[in-house]
Amino acid sequence: MAETVFSRPQGLIDVTTHYCPGCTHGVIHRLVAEVIDELGVRERTVGIAPVGCSVLAYNYFNMDFHEASHGRAPAVATGIKRARPDLIVFTYQGDGDLASIGMSEIVHCANRGEKVTVVFVNNAIYGMTGGQMAPTTLPGQVATTCQLGRDVEATGHPIRVVELLSTLRTPAFIARASVHDPLLSINAKEMLRRAFRYQVENTCFSLVEILSTCPTNWGVPPAEATEWLARNMLPYYPLGVFKTPEGDDRAPRPNGS
Amino acid sequence: MAETVFSRPQGLIDVTTHYCPGCTHGVIHRLVAEVIDELGVRERTVGIAPVGCSVLAYNYFNMDFHEASHGRAPAVATGIKRARPDLIVFTYQGDGDLASIGMSEIVHCANRGEKVTVVFVNNAIYGMTGGQMAPTTLPGQVATTCQLGRDVEATGHPIRVVELLSTLRTPAFIARASVHDPLLSINAKEMLRRAFRYQVENTCFSLVEILSTCPTNWGVPPAEATEWLARNMLPYYPLGVFKTPEGDDRAPRPNGS
Amino acid sequence: MPQIIITPNACKGCELCVQACPQKILGMGKRINDKGYFYAEVVEQMRCIGCRLCCITCPDLAIDMRVNGTMYHYFSY
Amino acid sequence: MPQIIITPNACKGCELCVQACPQKILGMGKRINDKGYFYAEVVEQMRCIGCRLCCITCPDLAIDMRVNGTMYHYFSY
Amino acid sequence: MQNDVIMAGFGGQGILLIGKILAYAGMNDGKEVSWMPSYGPEMRGGTCNCTVVISDRPVGSPVIRSPRALLAMNLPALDKFEPRVRPGGVLLINSSLIDREAQRDDLRVILVPANEVANELGNPRAANLVALGAYIGATKAVPLDKVEDVVRESFAAKPKVVDVNLETLHRGYDIGTGAAVEEVPVEEGA
Amino acid sequence: MQNDVIMAGFGGQGILLIGKILAYAGMNDGKEVSWMPSYGPEMRGGTCNCTVVISDRPVGSPVIRSPRALLAMNLPALDKFEPRVRPGGVLLINSSLIDREAQRDDLRVILVPANEVANELGNPRAANLVALGAYIGATKAVPLDKVEDVVRESFAAKPKVVDVNLETLHRGYDIGTGAAVEEVPVEEGA
Amino acid sequence: MTKKLMKGAEAIGEAAIQAGCRLFFGYPITPQNEIPEYMSMRLPQVGGTFVQAESEVAASNMLYGASGTGERVMTSSSSPGISLMAEGISYLAGSELPVVIVSIMRAGPGLGGILPSQSDYLQTTKGMAHGDFRLLVLAPWSVQEAADLVQDAFDLADHYRNPVIVLGDGLIGQMMEPVEFAEDRQPIKELEPKTWAATGYTGERPRAIINSLYLDPEELERHNLRLKEKYDAIVRDEVRYSSYGTEEDYDVLIVAYGTVARVCYTAIEEFAEQGIHVGMVRPISLFPYPYDAVREAARRAKAVLVVELSTGQMIEDVRLAVGAERPIHFYSRVGGMLVSPEEVIEQTTAILEDREVIHG
Amino acid sequence: MTKKLMKGAEAIGEAAIQAGCRLFFGYPITPQNEIPEYMSMRLPQVGGTFVQAESEVAASNMLYGASGTGERVMTSSSSPGISLMAEGISYLAGSELPVVIVSIMRAGPGLGGILPSQSDYLQTTKGMAHGDFRLLVLAPWSVQEAADLVQDAFDLADHYRNPVIVLGDGLIGQMMEPVEFAEDRQPIKELEPKTWAATGYTGERPRAIINSLYLDPEELERHNLRLKEKYDAIVRDEVRYSSYGTEEDYDVLIVAYGTVARVCYTAIEEFAEQGIHVGMVRPISLFPYPYDAVREAARRAKAVLVVELSTGQMIEDVRLAVGAERPIHFYSRVGGMLVSPEEVIEQTTAILEDREVIHG
């Protein structure tokens, strides 16, 4: 008599997503839902959808959900958590949402040490609006607002959110993972598990940046997209844990030069 | 026949400022004006006043000036510099202006590598509005919106802007100085000199954070304010150069823990 | 004995599972599902080692796995 | 011979210069200026070493310095 | 006099392109024209359509609820728009991909085996041009030569495809005109 | 019947405080009252003032352009507000700090050596209470005892200062009332 | 219950707390800093939470999250800060979240000045942000009324699931007046349990989704029409105003709101002392606007005088009410300058004697 | 000069470039992404600069800085993005900076939807932000007119030193129509040199200070009154509208703007074919609003029909124009749904036959 060893988590509703074929938003949805199931907190979790391709996340996660205006999910999360500290609150945000228009909200939410969890999906492009440049777009990468490739002279270098937030003095768990390869997805899930556990234990703010693909706007088939990510994003966005509440201050010191 | 070895720089208009007695905004104004004089760029400089106690800076600096809405001076500077790259553009911003409401604008301005200079005056409080807590207010420090002293559990730790911005990959000159002591003011001037020179040479974005006093809202006489700054701010806000365009990447690496 | 179950109408034909399978026992079929996609199929169920990498890879939860009896876990997930 | 010139009406009486002077030759006067402040005065001009620290300290540009002949610069400013 | 048409089908079928070609031709013919693509939610899911209006007076609404003609390149398109076509209007069905009949009996129905024809001509990706030709043939919305000119321009880059594309267009045109007299009874017989 | 007064002087003179005491006393006396401080640019520069209205009908404007009384604690205050006082109104001048005479001759002018009196009583920081007392004495805007009660409350924390403060208040009151009959000729003679 | 002399800002904060507000998110701005300052001190004393947001943009979104849990929440700001909340307020209205926003107007545009003004009237009542929505707007003219309206605002917000704005000016915030708080205040509206709130999905009710996105236009149209019905109900049931001197006959009707109305009231009383009768309608709810009351009162007069601290904003609503039926005169001071009773008397007299009126 | 078939968004971008716009600051938002995308490609080709701002808040402030140097600058956005620019726009108006803002309305409130709408009318024409200011608002109904109005907008902005908004909807942005650009276009206003611009103080002119702060209320009042005079001049000189079918007598007057007016125009033509005359006034300038034209045209009709894509916004201006003189009917579709000629015909017929009109 056969036992099911892999199937849809309770945390996800049984519907087909609107995501493009091979978009790893779907993988990240599943990992988050699995972790919430495992921690047994689904019934007291409130998620916050961003404005971005995952704007409809509330149609997929089987829990109470909140919309947020573009980039402000961390402020919305703050409001929810301060009103109801017993709830488990997480935001799910894209790189345009979090790193461009939402930069102020994420920095201050992290710095206040709000006991919430941020799932930061970095696909190096604006998906929903049709492939414009994101703060995370790589040098030379083509986007509809930099059709000759991102010119770092004019637009600067890609922002590494995890590195930036790790310098804050307020204790937090901050890590970067990727889901372009199933073995790394397993690690990504472990990072998410730790992030949510820190919240469940009311320890600190937690954020996991997850590198993700956007085959549609990268203009490559899904299978190539995973390779593109490995080749181009991994070198610039190193995976790993950058900051733990136990660990010491990650801020750079003056180097006198 | 006597020679004048110290007097008002051309860059400052001969009027009494509205600043409170002993407020070191006045010192910083003078240092900036002296540097601009020395570089001989006053006639092609456009300054940008923030919203804060220095909102009236345009009445004191003897050059074309711009107002900016609260926190947005770096965006205004971007607009000016992109329109007229031949102009020398600097913003003068307080810590509420730059580190609270203006966080997104300063991060993105620095990250785009706008060739402008930011003079960031950190007095650990909101001066103009009457002493509310700033992102830079120190743990335990009393302010009108934290009358029992800043509680880091509820509001997080003070934000160290210079450390935060130093992690960005885009080349920049980023340093912290102080003017609570004349010998340090001399060093502050040197930092400002370097910052403006980098702009004049069209090398990179530059920012100098300058620790400053607010006797009025700290509730101490000016002479004690300088001691308060030395005792409380210096340990948390170390002085020095944090990033140079020549120097290497200051971003923290994953530490696996 | 691990068993892969692919739900045709859940599949968007992205081929990531095909790429992910260390045993290369998955392939894209010739039939179109209700959404108009050529969907993935198990080609050689027999050689499946039950690693679940295809399941973990699939962005659309189109792949479930069942096993008869116990089975070796290559990694905790 | 350095000479300190304090402009009474520019002074806000903050006393920072008094604190800054290594020779302690500055003091707060008993007279009130137009703004209602007791303003700083030079007490012992003779002992001034021309370090300019009071000038550099003053937030209100109330202190100028002139010298007759050459003078030693303790630091470049 | 106004001609307007909704062209609809899958994303990859080059629907927006033939819509633009038609609009260009109309403009070059001295007519007032407008081209309006679908945008927004319905785009997700791969369906796509555009509305082209050709008129000798300034174009009113660029969005037409009840068009004078429908060019349905796939089944969802037919299902969605057939009910909206004006009575007496023209309905072109890509019979290569759609195996159901028209449900309306108050329309001039024309079956266009667009993909077959395109394949025959060794120009498989040009089913859209067959359909365009058929529409022109059936409605004479614009003179054929104006369309030819635009086709020539649009493919100026790769001259060798121009001729086969023109031929493809003509085959469609014939179906459209011929259809005007034959197809309907056939349809009835089907 | 309405009494209104502008009290003005330096920042440190406790002007806002006596304004509040007056308003409280008025309220406890069953009157309608309002207290409006100056805020905004004029604050910078250390001057400060407040307007108190005491009325037996709901208070209209809490800001009074032409007050029925002015309590000028320093010269800038006198310069700024003297011209605005209503004809026939009361003008109290802190003669300790102001050495110019009133310019208006249509006002009931009362010279109050507030600082001297306060110093005499060994209560130098209470010049404001002398002035308040004088205003009450001159206008009877509220019964003295109501003001005494408020003073007692406000200083309940440090009882020993209560008595001296009350004495200070009374000295002011006498100047105010006495003044009502004597000061003016003196003023004329001055 | 005894009277207490309170600063408007403090009375507003205390009123909110007594109305059950337990969360405040705000950012300092003159002339209303005393509100967040008071809340930062008082809320912890009653088990509530004060958060100084990094900006007004963040504050409005924190409000969004907090009120989505069903708690009573408030923010306060002044003109430039309110403008920064525009997008957030549109989301609050679109998601039908009950929040109370205290707006203390200062002179604009831009940074402008910090002194009292009424130049945000059109923004607040008609065009706060994108999309078809309306805010309930209440304008107090005294500290006591400010306190009362703030308490009512929470009930109205909950009842209609709509943001309510209490609109004052620098005077209201800064002045001290006696205030009284009823001990056993009852809600002015019956309040249903907030089953829509997102507090965790246990299966006992449908999933709670706080949202304003409707990609399907037919759905969004239904949503918009439902909102419209709500606003119509508000227009029908929530009009507030008071009239003065209308028991007598009068030739001139003054229309003014907020503290300006107090100035006009003083003028009216001085007229009364001279035996001249002047009427006044003071709108208290600015949306819904008391069109009927203004129209009917105007019909009894020969002319209408609108007095505001703006170059002419509320006058548009007076025009909508009165149309061409009566001549409408206008007087205002702007930029932080205040209207004095003397000026109102002069303007009114000019109309009575029908002299040319010098428009401020 | 030959006609070119262009997408509205591209025509708008090209028109700006031909009008001398050399700087564009913007943030992506549907349905106007093609404007920034076009500018990012085209501007560098003409020596201009495109900056993708980190947000609309930043974009509006970049605009502020750039236009302070005297250059011609533009941004574009859609409803939620425009709301985020509110504070910035108030500063632009307060500092009298000439900028052009293209606003492509989508359905709201909140995130709403991305399909065409006219529900930002009141926001754009009356209440965009805090403080007494007005924006010049121009509403095109075709791609060609969009291009023309964008070019005029730059002249008007420079002439009046005021922000000008070109207000369209999703249709204008997405549709393709033939466009023609005049080769030797002349400014429609005489333009003075921008001696006020902050470009470095060499002593040849007074220091240039770009500013909206006036701490002294008397100064700020003077500033506000000067602005008011400017707006009055705009109201006097810049009213734009066109009329249709008004050469004949008509019973019903339709008032509509933007793409909706095209739909109504189709309806009017179909009526004409049946020999029924229906008139229409199409406001092109929404501020200043063509009150007189609407009033006079309405007086010739028995009734007025206002058609918009909102639950009732422009109708307020029609009421201000027509007052009680004529019955004003209203028809609308909202949430991204469009009005069809058939619907307009039905509504109009209902009025003609005076049946009850079903309000959309």
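Order as written gives the chain letters A, B, C, D, E, F, G and H; numbering starts at 1 within each chain.
In the analysis below, a contact is a pair of C-beta atoms (placed from the backbone, for glycine too) under 8 Å apart; a residue touches a chain by one contact, two chains touch by 3 or more.
None of these values were measured; they are calculated from a predicted model.
Taking the definition of touch as given, a chain qualifies here only if it contacts chain C and chain D alike; none does.
Of all chain pairs, the one joined by the greatest number of contacting C-beta pairs is G-H. Centroid distances built from C-alpha atoms place E farthest away from chain D.
The most distant chain from chain C, with centres taken as the mean of CA atoms, is F. Centre-to-centre separation of chain E and chain G, using mean CA positions: 57 Å. For the pair chain E and chain F, the distance between C-alpha centroids works out to 90 Å.
As a whole-number value, the distance joining the C-alpha centres of chain B and chain F reads 44 Å. Residues of chain D in contact with at least two other chains: none.
Residues of chain E found to touch two or more other chains are 40-41. Residues of chain B in contact with two or more other chains: 55, 67, 69, 100-101, 103-104, 108, 112, 135, 155. For chain H in complex with chain A, the touching residues are 27-30, 33, 36-37, 40-41, 50, 52, 54-56, 80, 110-111. Contacts from chain G toward chain H in the complex involve residues 57, 79-80, 82-84, 86-87, 90-95, 105, 107-115, 117, 119-120, 122-133, 211-225, 227-228, 310-313, 316, 319-320, 323-324, 333-337. Per the touch definition, chain G reaches chain A in the complex via residues 22-23, 25, 49, 51, 53-55, 57-59, 61-69, 71, 73, 87-88, 91, 95, 198-203, 207-213, 215.
Contacts from chain E toward chain H in the complex involve residues 20, 23-24, 27, 32-37, 39-41, 57-63, 65-66. Residues of chain A that touch chain B in their complex: 100-104, 107-108, 111-113, 135, 152-160, 163-164, 166-170, 175-176, 238-244, 246-247, 250-257.
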